[in-house]
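This is the structure, below, for whatever I ask next.
Labels for the chains are A, B, C and D, by order of writing; each one numbers its residues from 1.
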Amino acid sequence: MTARTRRVVEGLIERTLWACAAVSVLVTVGIVLVLVWEAAAFFGEVSPAAFLGGRTWTPLFYDPQFGVLPLVTGTLLVAVIAMLVAVPAGLLIAVYLSEYASTPVRRFGKPALEVLAGIPTVVYGYFALLFVTPWLRTVIPGLAGLNALGPGLVLGLMILPLVSSLCEDALSAVPRGLREGAFALGATRLQAAVGVVLPAAMSGVSAAVILAMSRAVGETMIVAIAAGQQPRLTANPLVPIETMTAFIVQVSLGDVPRDTTAYRAIFAVGLLLFTGTLGLNLASDWLRRRMPGAVR
Amino acid sequence: MRRSRLLPACGLVVVSTLALAACGGPPAPVRAVVTIDGSSTVYPLTEAMAEEYHRAVPDTRVTIGVAGTGGGFRRLCRGNLDVATASRPIAPAEAAACRTAGVAFVELPVAYDGITVAVHPSNTWVDALGVEELRRLWRHEAQGRLLRWSQLRPGFPDREIHLFGAGADSGTFDYFTGVITGAPRDSRGDYTASEDDNTLVQGVAGDPGALGYFGFAYFEANQEYLRAVPIRLREDGPAVLPTRDTIRSGEYQPLARPVFVYVNARSLDRPDVRAFVEYYATHVGDVANDLGYVPLDDRVHAAIRARLAARQTGSLYGVEAAAPARTLAARLGLDPP
Amino acid sequence: MIGARRLDGLVHGLGASVLVLALSALGLLLWDVVHDGVGRVSWAFLTGYPSRRAATAGILPALAGSVWLVVMATAMALPVGVGGAVALEEYGSRGRWARLIEINIANLAGVPSIIYGLLGLGLFVRALRLEHSLVAGAATLALLMLPLVIITTREALRSVPVSLREASLALGATKWQTTWHQVLPDALPRLLTGLILAVSRIVGETAPLIVIGALAYVPFVPDGPWSSFTALPIQIFAWLARPGTGFRENAAAGILVLLVVLLITNSVAIWLRDRSSRRRDA
Amino acid sequence: MGPQHPGRPGGPHAAESAEVGPKIALRALSVSYGDRRALTTVTLPMQAHRVTALIGPSGCGKSTLLRAINRMNDIIPGTRVEGDILLDGESIHAAGTDVVALRRRVGMVFQKSNPFPKSVFENVAYGLRITGVRDRRDIEERVEESLRAAALWEEVRDRLHAPALTLAGGQQQRLCIARALAVQPEVLLMDEPASALDPMATQRIEELIHGLKRTYTIVIVTHNMQQAARVSDTTAFLWMGQLVEYGRTEDVFTAPRERLTEDYVTGRFG
């Protein structure tokens, strides 16, 4: 092969590879285009103010209302319940694994936790609907069969390994010297962890929390199966609610004609969901870059 | 040594995806499939027929989707569906869309379906409900206002009423709201809505203050956990309990209706579609009973099979599609109007 | 000081109990599924077709559909993902474009899967009219998988020592020859591990498939990429939506099958990782 | 009077080239990594069929200089090069220069032996295969030839298909030399080739270098003063990115012109 053909071939290969990399940008562009295109048609019929500010979500009714707040509160309610489980538990586990646990415990505990992250969400939905909620109903009288609490708790269990492993990364990124400095001053491991390591790892921990929030907000199957499909502006975890994702599933499964406002609403809701999670992801990314010893 | 295997693969995928986009669609499947889509209410029936047929003729391929009655009609009238299932007759606008697209269909009522209004078995205070009472309970004006049993009828206990009903994107919702509140889709929104009748059954079965509506099939399958409420069509009329007999005879009004399959007339030229649909029309009575639908009576059944054999296209229902007043037999000309 | 020490012990104990609690919840979940479903798993269940009778319903079309989906999605996502990762990692300048693509990929990995469903619905199902075909489903899952493949491939490439690249380049190998003959083979075990984890993620994906329009009844094994399909998680979801305890058992049994599929793929991943680390030590 | 360089004149410490037409000529070469300057305006000729040793304390820019000759620095992001390097009188930075072809002419051996995780045979054959040699017999011949030239043939002839990583450290380094020789370069760059080896293996490498200079122009970076004295014909002393002194090895070691050089070679610092 002559040097010339070699250079041509190499150039061709390099361009192809970059084209492959650019596909990922196309995916993002595709997502934005599809969502914006369909949502634009939706906003031609429903004003953005009515969408974002309205308190009633009844897109399929006689007198349709497209106030997305009930879906947003439903989503946040479930996500907050999940965070109440996942953040303290995940942080405790992270502190325990990185500061206290013996090597065998760590070597067993970490992959065992990872298993939790690998279980498909439809399985968690099953667990929430047919195990957790029935059990909760024996404890909490008046708990509806479909509610925000059960799926919220299960969702918390699902994102727990994410929180714990990211927090642990953040903790172990703290230079050893800081810790040893604290020990040298006679601090206990807890004092070292709380007084020195945690503050130093704060940006990493916050990044983990925000990423977990993004995951919780975007989770679909658990809430579609076990949270009910009742858009409701409430902070009561005992009653059925509907999340943004569950609404999209509901419409996808149901009998909604395609060129109706109600159908286009799934793209408007999708756009809101995409924007929200994107904001959270970017925030998390930004914080992670501020971790001590962050690479790149 | 080979220069590269990764690269051609990479290029191939990109190129083939683009080529696909350029051609605008897939080639015909290797083996023909009878495609069915539509009502979730009719799904159990259609599934059963497909299953029995699959057992009899194993190499026929049938797929069933549950895009809903409207979704089924849309696909049918776009010409990319063989059979649409429906829990209501085709609407004039939908039929017009079919005509515009040049799609003719054969309309086949296949069974009756009743909507059951049910309460918790421990509910002792509801003897029967009138349509007017149901209207006051379910219309959108009741939202946030009619919240207690005592508000529905003086004398009912002063406790919260918890409502369960079909999801707003189901045929059952369309039908129930249409006949009860008077306008399709006119409904209050503060109730537990689900596409999944099982969810509703569970909800009502688990809540002594509950009232819900769903398909008779689901009620029948779970009747040990539920109590059906007799319905009074007129103030002075009799209260009718939903049973197979009352549904078939037309006594249980207005909450009983026929369900349909609509076959693309062009698809009937294909032997696999014709064989399946004929099997469906012939044997539907055998399984309808088991599934809690009410089978057509023999006269109607025979008339329907004759329609299929003759490939008679068009709908028995005109502009008054939603009005259930005329029985099937009357529409088919078997009874005087 | 005593107080602090006691508190220290408390946190130690608390951390350990929370870990145990989380793992017990995992155990409980598995026990629940096994308890509900193990009675239904049989050869007939694995090779059976869907049925309205819970006791005779089988999972074969869903199992086959999942296999088709995964193979097709991988075939689409793998070359593009690996190619993109190679571009970023081996050819990457620190230019603005590379930076943009990097941020983009990091964010794509965090996009909720249901959004990919909306993309697939708008792009494959509607614009390209692929309807309920395996191609539409697999393409949607491939897009979902792409950022995962890129990220894990980049990690695998990063684990390849620079000295290997230098050795090859110093001999007058081109960048691509170096990548193809030295870097990719060396990264292969880790790459496969990452790939299998990505695969096990999409095996369990339900929401995007529902959004692009899943069929409820598919009583046959797909015979080609244009065939209609159903998949394991969709079948499980469909069974969950049915009344009667029989179908719940089926759902549990379906979950067992799904978990076994995942267990197998993950075991392969672990085996590959161990094999590669042994080779590295040698 | 030699012709004036068109660019900046060499620093005061640059040695005048005694012969015309050096194999390699560095002209006011500066290299920076990002903000860090690693090499500052080095002008240095290297004669054909000679061994040139680069000495100096760690971080003085020896390796940077070496890697500049076959443009290996290109693969480090953020590297900036000013000045020029001529190979046989032609700039290696000229527009249209084929880096791949350059590296085939200028082979390199690294500080830490880095055989490919393949068999001994495939390690040596790799350079041939990527240049398009297909004929099996040709390849076998050249592999044997290269292994002989690297004084490794007798030790590995029976285990050609064993993994290269099972060889001893010194053998691995000689395999890397054989691998570099197989593509028949004109120049051989060696970056502390013996620093990780025991004295016996080091001695073998040094003997090898002696033999190789008949065929190749060799540039060697070394930490080891004795080694530089033993193997090289000319020596360049670098300090903090600058060329301090350059001349015949004997002169640099016995009669350095600069105080800094004297301090270094006598071990007063470094």
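Keep in mind that, in the parts below, a residue touches a chain if its C-beta (ideal position, glycine included) is under 8 Å from a C-beta of that chain, and two chains touch if they have at least 3 such contacts.
What you see is a predicted model, and the numbers here were worked out from it, not measured in a lab.
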Farthest-lying chain, centroid of Cα atoms versus that of chain D: B
Chain centre separation in whole Å, for chain D relative to chain C (CA means): 48
CA centroid of chain A to CA centroid of chain D, Å: 54
Distance from the mean Cα position of chain D to that of chain B, given in whole angstrom: 82
Length of the line joining the C-alpha centres of chain B and chain C, rounded to whole Å: 36
Contacts with 2+ other chains: residues of chain D: 100-101, 130
Contacts with two or more other chains, residues of chain A listed in rising order: 6, 9, 13, 16-17, 19-20, 23, 253
Touching two or more other chains - residue numbers and ranges from chain C: 79-80, 82-83, 174, 176, 181, 213
Pairwise chain contacts under the document criterion: A-B, A-C, A-D, B-C, C-D
List of chain C residues in touch with chain D within their complex: 93-94, 161, 163-174, 177, 181-182, 185-186, 279, 282
Complex contact set, residues of chain C against chain B: 49-52, 75-76, 79-80, 82-83, 128-133, 135, 139, 176, 180-181, 184, 213-220, 223-224, 226-228, 241-244
In the complex with chain C, residue positions of chain D that touch it: 70, 72, 75, 77-78, 100-104, 107-108, 110, 112, 114-117, 126-127, 130-131, 163, 165, 176, 179-180, 183
Chain A - residues contacting chain D, complex: 1, 3, 6-7
Contact set on chain B toward chain C in their complex: 1, 3-4, 6-7, 9-10, 12-14, 17, 20-21, 24-31, 33, 35-36, 43-44, 46-48, 50-51, 54, 61-67, 80, 195-199, 201, 218, 221-222, 291
